[in-house]
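Labels run A, B, C and D following the written order; every chain starts at residue 1.
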Amino acid sequence: MKVAVTVLAAIAALCLAAPLVAPYAPDAIDMTDRLSGPSFEHWLGTDHLGRDLLSRLIWGGRSTILLALITTLATLALGLLTGALAGYFGGLVDDGIEGLVLLFQGLPGLSFMLAIAGTLGPGALSIFIAVVITSWADFARVVRAETLRLREAPWVEGLRALGAGHGRVLALHIVPNLLGPVLVLFTLRLGRIVLAIAALSFLGLGLQPPNAEWGVMINDARAYYRGAPILMLAPGLCILTVALCVNLIGDGLRDRLAEPDGREVLP
Amino acid sequence: MAAYVLRRLLLAAPVLFGATLIAFTLGVVAPGDPAAGALMQSGFDAPTQAEIAAMRTELGLDRPLPVQYVSWLGNVLTGDFGTSIYTDRSVSEEFARRLPTTLALAASALVLAILIGLPSGLAMGYWAQSFGDRAGRVVALALLSVPGFWLALMLILVFAETLRWLPTSGLGSWRHMILPALVLSTGMAALLMRLSRAVMLEALAGAHITAARARGLAEIRVVLIHALKGAAAPLITVIGGYFGAILGGSVIVEVIFAIPGIGQYAVEGIFRRDYPVIQGYVLFTAAVYVVFNLAADVACFVVNPQLRLGARVA
Amino acid sequence: MSHLTIRDLRVTFVTPTGPLAAVNGVDLDVAPGEIVALVGQSGSGKSVIAMATLRLLPANATVEGQIQLDGRDLGACSPAEMRQMRGADIGLIPQNPAASLTPVLSVEMQMRETLRRHGRALSDGPDLLARMGLPTRNSRRRRYPFELSGGMKQRALAALGIAGRPNLLIADEPTKGLDARLRSQIVETLATARHQDDMSMLIVTHDLDVAFALADRVIVLRNGRIVEQGRARALARAPGDPYTRALVAAQPSRMPVCSAGPRRGPPILTADAVGRRMKSGGLFARPVTAVADASLTLAQGETLGLTGPSGCGKSTLARILLGLLRPDTGTIAHDTAGPLSRHAQLLSQHPETAFDPRWRLERSVAEPFAIHRLGGPRATRAVVRPLLEALDLSPDLLRRFPRQVSGGQLQRLALVRALLVQPKVLILDEPTSMLDVLTQAQVMGAIRDLQDTRDLACLFISHDLDLAAAFSHRIAVMEDGRIVETAPSGQLRHAPQSDAARRLTEAFDAGRARVA
Amino acid sequence: ANAQTREMVMAAPRDLAPGAEDAYYVSSILYVWEPLVQFGPDGGPVPQLLSGWEMSEDATRWTFTLRDGVTWHNGDALTAEHVVGTFERIIQVSPKRSPFYSMHIDRAYPGLVAIEAQDALTFTMEFDSPRPTLPHQMVNFSSAVFHPDNFDADGNFNDLVIGTGPFRLVSHTPDQELVLERFEEYWGTPAGTERVVVRTIPDADTRAAALRAEEIVGVMDLGAMPPEQAASLAEDDRFELNAHPSSISHFLHVSGGDGPLSDMRLRQAISMAIDREAIVQLYRGFTTPTANFLNVNNPFHIDVPLVHDPEAAADLAAEVLGAERMDIRLIIPSWGVARYPYRAQAELIQFMLQPIGLDVTIQLLDRAAFNEVRQSGDYDLSLSTLGLPNADPITVFRDYFTRDGAMSVRNAIGYENPDMTALLEAALAERDLDLRAGIYADIQRLAATELPTIPLMNDTTVIVHHVDVVGYRQTIYGGTLNTAAWAD
């Protein structure tokens, strides 16, 4: 887990600081120096438009990580909000939200993600919408179940008996207690969403050119991978590494945040 | 039993209803005027406003949305998903023709995933914290982290092109199914590995296992009957649910391996903005998903005496 | 020669917080045909000794010392040999009946596989179960564990434990969690089994009554060490070690009934014909009537015991009184100014779930001050300190998280929190049912002392009539959501008026009488 | 003998037999049906099922004579009645969709008044106005001939297609494969191989992998093998690459009207700023740069000079823009991305327009959105292709160069110029083919100056086949599947 955190932090720092660290601009085309192998000027070589692969990897990581992160965070926020409201207040709110959760859980997420992204057309916004719509229910369900469990927990009732208001109980007790499971779900989801974005890119539903994004880069490189395998291997390995690190961290968090009674936070 | 299945079916109905709503909404929010699209497809290069208006009336697009929905739903309920704007063929017939292929693919993937994931996960759970367990957990995570299309291209390169053990693409014999099913199964195999490990760990930690051992029962019986029979239900539920994930994942696999299933059709539909096809895809996968979840529930019902008898007692 | 011989047994667990020595050099003998009882507080190592004998401790345990059965060193046996011996030479009635039957196999199936394993005739099964009071209702109908009550499970496990005709039976808490009637039934069955099959037994219990009733010899364990052992009767009459003495004295059955008659203070909390229906489970489930037409009055400074069969509505009534649930019918009146939440406090059954697990106790305990804006940390400390002292709690406990503190301590901390706002009413919902007898006595004693100094009114909900009688001025008996009788403790204990109260006391006494 | 019976497995990116509801059932490149008139080597019309034609003095009446001895796959002999039946069905079903070319009698045969059989092998077509270039318009799909018994009441096919070609379609599994067998009674040179299987493999990499694994021996259809993959396959001794210019041209369509690019100087600047040779690199040299609107394969094509001069471009742009920079929106269709290196091409154009003061934003749109945006004119530049439906360019000229022409409307090009309009009218009125060719040349020159749309390249179709297969070459449209044969 420590290794995973270190590696991920390094990659993320590198990518987020792309404007500072990338040796070239990601869209600096040079048709006289296409598909050149690794060299001193271009550590990983150049792509089919003579752009520096390393720089594009760094910039691409920025897009991939930011998009995945923002998307997952939005999903999380929606799930947290609906789940906590449903779980805590119960009644009609719960029935309504639970109905929606059951509906969205009863539908095959990937197919719907594809259909929605496909309908809305290529671009970051469609990916965002498609992922949020198809993933929020998982968060909401976990959050709702946890909130219900917490709400029923004697200590919450005890707090109510002590005279604590709903706001206090939700904000100071329920939500902080939800963070553990939600964090685990978040990391595990983040990995999946990175892969989903890559898959959508592969199908041509990725970011708009000339944005570098790992999934798009793999897709662009497909035509060239025999002559210049690194064009496809490098972004592929990047996705694999990030997804693996994120998953490892999620696993580690799950073990670490396991409840005192040994109950695993999530299946 | 019948009552249980009926109750489950009742619960599935709103889900399917929701799916129709989503499918219909997709058709509505999709950019592009379906009437103009239909005209252009049928050979009008630049349809006039009048022609478009006539087409809108013909397609019923000038009615209020709820009315359109109800009439569309009526058609859907009778199995009529409309005709493809692009090929003018019946969407439901096309899906019916392609569904067996996708189901065969998904079923092969499911079998592979179970064959790979279940025994290894159970073994990892039984010998938890052993070297094999640790290695297995990393392998499972790696499998979860590998982009499917990347794996597909690599497998074709190695097993079809270089070694020539298996065909690159297409349908035909069972050998054609191996690579696509393998790609499709990786994610699920990994999840199953993790889940069955957790299930095994939890089952072995149960007090009834210690009690069974204290009675001197053979270890194999303790593990297989006392621990696993009870753990079967969550595994079955999850396997039923994964089927939906496999359906979604089949899209990429079908495109790469040239398998004419519903996923390939959906991608074509998406790129041609053939919205009856997209709607049909949404509804078909939802229906299949619901059916498999239902089947999993029924299977749980059969293996779990508490549900079986509890239902009778209540 | 003794049948089971244990010499210098030491068991250490590897835990995330370092090694934990659970058993520290125990010597123990069980002679053929003898019944030995291991007693002691929770966590004293009783179960660990039992499971070490069967070599069924979890993987994080290291066992040193010698365990011999009929001269055979169990430590030297192969796993296969051990498996041969389990069930056949050493039988076990496990500690946790609710979870010790395999849920997906019927009791009959589990019996058959055990009999087959030990080469006994399958036809013995129904007979064994019947001997444990589980007659075959209908020979074709299998019974799954979830269909059985806790007591039935315990008896089924007992039948399974002796199915292999072991020479030595280890029974771990065979009576825990059972009501009085079932407790006596199990004890009787074990006593019979001993005579019929000529077994020796090692009985693990923290219920001294059971130990004295059943055992020839009693061994008292504390922190993994033997503090005292002796013949049961002698020990019961004259416990030598101070720890044993405290243990004996903490048995509710040995506590005197509260003699200070009913207090006649002004009523402080009154329930007038309250009723409440609860909706449970699915959409279509019918609501159950949890409380119906219940009336009671709590006077200032008094303790009112509330008892009744499980599910009769005690906890629901308590929640209504606290204002956590609104009654469907009837009214609650309280004679205090300001919000009820300041003046009535709850102490619930499970101390381990009384606090937010992610907050340090310091913050949790002081929370009422924050809620009611009664003052900053300094003011809080000024109030908390004396309470901690009164309850014999060290202030460093406050810096820990709930899971790092024992149940008894947690329950006392919960009490500190409840008393912080100086309530007039304290509602105690089975405050000690999860604690062992010593801790129970300690917590209850602390509550009584505080009540005297603060003029607190207490509603004390308990299953244990003895305990309720020892600490309450009056006792109310509840059945099916109604208060059927309220009387001074002595009167209710010895001369109940209503049928319901009589049924309750009789069942309770029946269990005790047969044990004692 | 072995080589004769071995089935030849090919692959195509799409199902070449869309089936009974399609206008043609199968693509022409399978040689199952034949047109009356086919592309000649120079792109001009040559008779296929015809032995000759004759135009009336006023060019409104054409008499066609069918080739004698042509046999249908069901054994019947081809007669003029059959041809009339075919046309009656075209009239009945028009417009009818097809993934190849949509069937539309008013576009292919505008002003057709009557078609009549004169005797067994002769039929006439009558028009309301002169049609001197009729054979040019009849090339390939436009004059596909089917057996009239092959249709149901709605004009859909009632069974497997019946044609006259060297191959018979014997079975068809949609989206999977189709099987062709040599038609032994074919009137011309018999097919070079007995049995051909064409598999559908949508993914180009998978097609390349299938070739390398020797599961298939060749590829066909548009986009059969993207240039990059084709080049890398050609490095392998087992494969041969064959390329032929197609009738498709690549354009940078311009949204004119009152858009910023309605100023001709900016269009000229863009054309000069773009280094077409660099774009050609993305196509591995398989396309040819052009400044001419008309495809090089058209018999009326003339050479027009191609200028690449970034400095002149910058100066010209500065005349319009001054010191300002301008935001330009370039849209690309997602379906083009599957066939051509459109993403890279767009990125390259973006890069090349940067120095002349244009800041290009690229937007990838799927089919419906692309069409909608194009028509609404809510774009500046778009990557587009145009395949010539027949050999007479007048239709596409009018489509693009008049304000209400079909393509002008569809792409919101909005170009109009009185000189151009006059030329178009003169061309239509001209009955002499040579004189007409002269006017067509003027139109091409004018278009190259005014740039209603900016031509980029003439496309080339690349196929790859195994060296075991001989006689398989690419032509303007499709390959010579009919002569493909095993090497020994």
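The definition used in the following text is that a contact is a pair of C-beta atoms (placed from the backbone, for glycine too) under 8 Å apart; a residue touches a chain by one contact, two chains touch by 3 or more.
Note that the structure is predicted; figures quoted are calculated from it, not measured.
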Which of the two pairs, B-C or A-C, is linked by more C-beta contacts?
-> B-C
Taking each chain's centre as its mean C-alpha position, how far apart are subunit A and subunit C in Å?
-> 47
Expressed in whole Å, how far the mean CA point of subunit C lies from that of subunit D is 87
Geometric centre distance via CA averages, subunit D-subunit B, whole Å = 40
Residues in subunit A with touches to at least two other chains are numbered 118, 121, 204, 222
Give me the residues of subunit D that touch two or more other chains.
-> 205, 334, 338, 366, 369
Residues within subunit B bordering two or more other chains = 30-31, 153, 255, 270-271
Pairs of chains, among all present, that meet the touch criterion | A-B, A-C, A-D, B-C, B-D
Of all residues in subunit C, which touch subunit B in the complex?
-> 51, 54, 56, 83-88, 91-92, 94-96, 99-106, 110, 113-114, 117-118, 144, 146-147, 157, 160-161, 163-164
Please give the residue numbers of subunit C that touch subunit A in the complex, ascending.
-> 319, 322, 324, 339, 341-342, 344-346, 348-350, 353-359, 367-368, 371-372, 403, 414, 417, 421
For the complex, which residues does subunit A have touching subunit B?
-> 99, 102-104, 106-116, 118-121, 191, 195, 198-199, 202-205, 215, 218, 222, 225, 232, 236, 239-240, 243-244, 246-248, 251, 264, 267
Sites on subunit D touched by subunit B in the complex | 18-19, 21-22, 94-97, 99, 102-104, 107, 174-177, 199-203, 205-206, 209-210, 212-215, 334-335, 338, 366-369, 371-372, 375, 399, 406-407, 409-410
Spell out the part of subunit A that touches subunit D in their complex, as residue ranges.
-> 27, 29, 31, 34, 48-49, 118, 121-123, 204, 208-210, 220, 222-224, 226-227
